[in-house]
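First subunit A sits with subunit B, and in the next complex the same chain sits with subunit C.
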Partner chain A sequence: MGPDRLDRFLALSAELTAFDVVELAGTGESDAYLATVDRIVGTGAVDALLDAHTAISEPPGQARDHQLRHSMLGDEFLGPLARNVIKLWYVGIWYQLPRSWREVNGARDGDVTFTISANAYTQGLLWPAVGANPAGARAPGWASWTEPPRLAKL
Partner chain B sequence: MSDTSTNNDTTAKTDDTTSTTAITTIEALHEYLGRAMQLEHATIPPYLTALYSLHPQTNSAANQVLRVVAVEEMLHLTSVANLMNAVGGQVDLTAPGFVPEFPTYLPDGEEDFQVNLACFSPATLETFLKIERPAAAPDEARRLMPARRRTDIMVTAPGDPELRYYSIGEFYAEIERGFNYLHDRHGDQLFSGDPTHQAGPEYYYSGGGELRRVVDIDSARSSIELIIGQGEGVGTGAFDAENELAHYYRFEQLKLGRYYQLGDEPHHPTGPDCEVDWSAVYPTQTNPRVGDLSGFPELQETAVSFNRFYADFLALLTKAFNGEPELLIEAVPKMFEIRNKATVLIRNPIPGSSATHSAADPTPDGPMHAAPTFEMESQ
Partner chain C sequence: MRFPTGAATRTDLETAAERTYDAVVIGAGVSGAIMANELSTAGKTVLLIDAGPGEDLTVKGYESYLETFYRQAVKDNQSPYPRNPNAPMPRSVDIGPVAPGQPETSGYLVQPGPYITDTTYTRVLGGTTMHWEAKTPRFLPEDFEMNTKFGRGADWPIDYDELEPYYREAERELGVAADVDSQREIGLPFPDDYVFPMHGIPLSYLDQVVDTGIDGTTVELGGERLPLKVRPYPQARNGVPNPAFNDGEGYRPVGAVGTHRTDEGERCQGNNNCVPICPVQAKYHAGKTLAKALQTGRVELLTQAVASKVHIDPANGRVSGIEVKVYYDPDDPAHETGMITGHTFVLAAGAIETARLLLASDLPSTSGLVGRNLMDHAYLLNWALLPEVAGTMRGTVCTGGIVDLRGGGFRSGQAAFSVDIHNDGWGWATGAPYTDLLHLVDDHNLFGTGLRRDLATRISSQLLLAFMVEVLPTETNRVTVDPAYKDQLGNMRPVVSMTIPEYSMRGVAAARQVSKLIFQRLGAKDFTRYDPADPSYVEFDGEGYAIRGGNHLAGTHIMGTNKRNSVVDANQRSWDHENLYLVGGGSMPSIGSANVTLTLAALCYRTAKSMISELN
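Here is the complex of A and B:
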């Protein structure tokens, strides 16, 4: 996979997660997540997802959101893949694709629910999204819990 | 370090070094301590950059060594702030020039090497060994030698560029002689500072060594000895009296690929293998600048926001050292936040860049990665 493909995956992921590319790459998990999706559903399916994203032409705004929902998230084949990408970034876990998807498209090897890596859990976007700290990892410092949550995005 | 030897040493020094100290006024002592604070801080950005350049879950030996050393430098910075406050000086980590522009010579004047902000690599490790180098050959006399006889020297004395110190250890030995000299002249009036400005052990945790309040000559001496002993292990061999390995020897383990164990002679560790994976490192840009990222707005904004956060953090520490030591508790979570922000930068390749390294350098090639720039002046 070339860097171009990784860039496209990051651009897609930024739009799906509402985190920017620097924040996503800053988790150190970009390669691992793209490799996971490629491995489980195949590069062809991932390319279809990337192409669908590239094809969204509207500038940022309501029309673009609508296009994204219609052509990607609402698509029976691409929608579950896109939602799995979101979950990867937010919790560092690959969730088994929904039964309806598997029944139509066939079960894939390795499509079981699992945590990508120990580090992926600590890097989940869930934590910065809620201004909290992954339990048991990335020590936040004594008494940090007496401070209000840090919601940098708001 | 050994308390017994400390007491003997300082007694000896008081007798025959009062005439040779460069620090004969309280103003000069303030100047030296100001330089010392700058010095302690100047090592932290390079250590943190190297630490956070390690791939997660790899290089546990390097990770642990770098972390311990960086945290102890923070203890030293706080200890020097206590020394400064004890003698009525002014602590200001926000003063222009307090954070050096990298590459930099060390603020104590060591001139034979510069310190970079760089990823962990054999060259970086060599620099760290120089920073922490022992003040004198380990088999030399326990007492420190005045450095004037040497020219391959690092530390200039404030106010006297001709006077240099071979090492940080000797720089601190001068400060200790200054304390002794001034205490002989002024007695306990030397310690005129407001004792409520002292940060005590309740504000410091998880870094080998205790933060001590400085209120008299004994606590001043023991704080200085702690700094010297943890850093370079002056006259104490590789281990101090608490069986803690000095920074120089901690780093040397990574170079030699072997851990020290108790009883080892300096430079000859005999413990288990100490494995380093030089390739499990993000190849960050050396001495990065925010300006270098002008083509990449998101990345540049992240670098700027790091610097802003760091500047605010130094301002918070300054407040803590000026009568509100309880703010140090609040500062700790911010240090972890600094880590989080630094790692985001370091894991980001700079688009279109490439880092190529000589065949002898095991650092991985590929796109250069961003890193915190620690540029404060432009804030």
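Here is the complex of A and C:
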């Protein structure tokens, strides 16, 4: 289950963030993020999320996006979990699940807003997505700010 | 810069209480560090007392601040600095919802309201220069003559020309990067051959986009047409040294402070994090001056020591000693109390803490002005999305701004202001970029490529204009103390009452109009809105504005020409206590629309010179 489960988590994360698996793994946070979601909502819930993702068979395109929205992002139970996975990768923060989710599914121990670790902050994908460095880390160098930003072509 | 190993713990209360120092300085921020350095270099013995945690300034210690910052989910401007109930500090995140008629007490400052400020200062070694942004504009000559020129506020007992040589000393110590011609253009006189220690920090791409977009724009204020142009700010931040500095001697940037040699801190790397902490110490902080002062061997540092009472000899009004409470652990109220003696005393704890200490000591005051005339810049934030990606979130927090509205005849009717272009986007106003991520994921239901694309365009095209609006001295804006409100050590907390005077609100209203004009010229989408539920919300002339605190505190021991109109004289010496000096922003009779640190540093150089000749 171990490596396979992590691979499935990375495949899900790549689809949700539009960063590829190598970029995700390069943050060094894959294990920590999966462990965080497991710890807070339980492995059963995470497995349900991974299963929902695996079950989507359409090739990339509108039909696949439709399925992702219907069976995962727009699912009352799985949607908030999927959105939290996006936020983890982008800024390294676990955000407390929405009140509506907690009321239906019960409050989970550890479900408070927190930064996973110092490294998780500095490895946030938001920064490369906007052509910048995380404030206070991974400095781009003297006078780099005088030039237009370089943003990845998507 | 080497911090002598063990200097933060070498002295203890018992040892310090047995000695009589030439000078006892309260507060190891920029004012206290400059005073200690100047006095000790002149051969005087100094005890420097600081309320913050007692550890040597090491690279490891500095990195622990950085780690703390990384780990915070909410990165406010005090987030790197751990909570210390024995020497608490104001934090914007602590301010709770305010009930009408009830004081705001959840933050460290007790605020009766209705206006609640989110201003801060930092109580650690190095003081607020640990978190400051390090913009170092000089005051304009007219800022020293507000009453004479505009019939507003108060004149200083000294003018720009008198302070000018000390500005140069401050610029050398703080390591200011600027091009002198850009400063002459806004009306600041310099000696003909003067250059700053370092060349100016280059403008950001964002600044350039704004400057191109507003090219040729003028605004009318008080019947005068004034041009709008983006100009670079002088900054106390390491850049490229100017070989022409000091008659061709050049300038050697001061790097990171530590007990061991380190190569950090040589040049700004564009971390975009000046506030709340520069990760590489390219930004000046008072630890650099403090380390130098300690190297003289004549400065002792007593840390974890909170000054709690100034004692006076009733026969002559002279300070006989200062009572301090030394704690062992920030979380534990256990402490010992002792009396420190010296020939002269310098209170350099910042405009609020210095006033708090004087008031808590219940000293007689001829003018009755201790704690009054509290000033801070009133900040009006305006935010918009540019029609193009402009590279926001890169560079120092602020490289350029519009400073042409800092001076002019209009000041007889309304406050002046300067405009900062924030390279860090909407963060101050909205919590960007985190709030943008949440908004796009939770509300726009984006994921994958769509999310990534919208994040890039929404964040990289953010423009935040922060208008720094002048506030004049008003006696009812004040710091007091109240025994009902004490901290963990039993010291009375500052009670701060502030309202934004009408003169400033006219400036705020004009600032909003100028921001709209700028956004129109740029074709930027204005997202500015001020929440009536904001504790800092102020209504004026049918409109509402949220007025943020500027952390530029001043006026509480105002300087003047005699003991009835002021607390200190032009040398920052207390009129009522001849061996007591009150130094820092608190001495200022006006703050114009310039950040205060450079000017208070210049004042300290002037005061140190007079103190040294007095001690000799």
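One rule holds for everything that comes next: the second predicted complex is superposed on the first by the 151 of 154 C-alpha atoms of A that agree within 3 Å, B and C clash if a C-alpha of one lies under 4 Å from a C-alpha of the other, contacts with A are read in each partner's own complex, and residues count from 1 in each chain.
Everything below uses one rule, namely that a residue touches a chain if its C-beta (ideal position, glycine included) is under 8 Å from a C-beta of that chain, and two chains touch if they have at least 3 such contacts.
All figures in this text were calculated on a predicted structure; none of them were measured in a lab.
Mind checking subunit B and subunit C on superposed subunit A, clash or fit?
fit
With both complexes overlaid on chain A, does A:139 touch subunit B (first), subunit C (second), both or neither?
A:139 contacts both subunit B and subunit C.
Contact-wise, after the overlay, does A:147 reach subunit B, subunit C, both or neither (first, second, both, neither)?
Both partners, subunit B and subunit C.
For A:95 in the superposed arrangement: first (subunit B), second (subunit C), both or neither?
So A:95 only meets subunit C here.
After the superposition on chain A, what angle is formed at the C-alpha centre of subunit A by the C-alpha centres of subunit B and subunit C, rounded to the nearest 10 degrees?
70
Determine, under the contact definition given at the top, whether A:83 touches first (subunit B), second (subunit C), both, or neither.
After superposing on A, A:83 lies in contact with subunit C but is clear of subunit B.
Where does A:21 make contact in the superposed view: on subunit B (first), on subunit C (second), on both, or on neither?
Touch status of A:21: first partner only.
Is A:118 touching the first partner subunit B, the second partner subunit C, both, or neither of them?
Both partners, subunit B and subunit C.
In the superposed arrangement, does subunit B or subunit C reach more residues of subunit A?
The partner making contact with more of subunit A's residues is C.
Just to confirm the geometry: in the superposition, how small does the C-alpha gap between subunit B and subunit C get, in angstrom?
So the smallest C-alpha gap separating subunit B from subunit C comes to 6 Å.
Would you tell me the residues on subunit A in contact with subunit B in one complex that are also in contact with subunit C in the other?
On subunit A, the overlap between the subunit B and subunit C contacts is residues 117-119, 139-144, 147.
For the complex, which residues does subunit A have touching subunit B?
Per the stated touch rule, the residues are 3, 7, 20-23, 25-28, 117-119, 138-144, 147, 150.
For a test of understanding, state which residues of subunit B touch subunit A in their complex under the given definition.
Against subunit A, the touching part of subunit B is residues 55-57, 205, 298-299, 302, 329-330, 332-337, 340, 343-345, 347-349, 351, 367.
Where on subunit A does subunit C make contact in their complex?
Touch residues, subunit A against subunit C: 15-19, 65, 68-69, 73, 82-83, 86-87, 90-91, 93, 95, 113-115, 117-119, 121-122, 126-127, 129-133, 135-137, 139-149, 151, 154.
What does subunit C use to touch subunit A in their complex?
Against subunit A, the touching part of subunit C is residues 66-67, 69-73, 75, 202-206, 208, 239, 267-273, 277, 279-280, 389-396, 399, 423-424, 433-434, 437-438, 441-442, 445, 447-449, 451-453, 455-456, 459-460.
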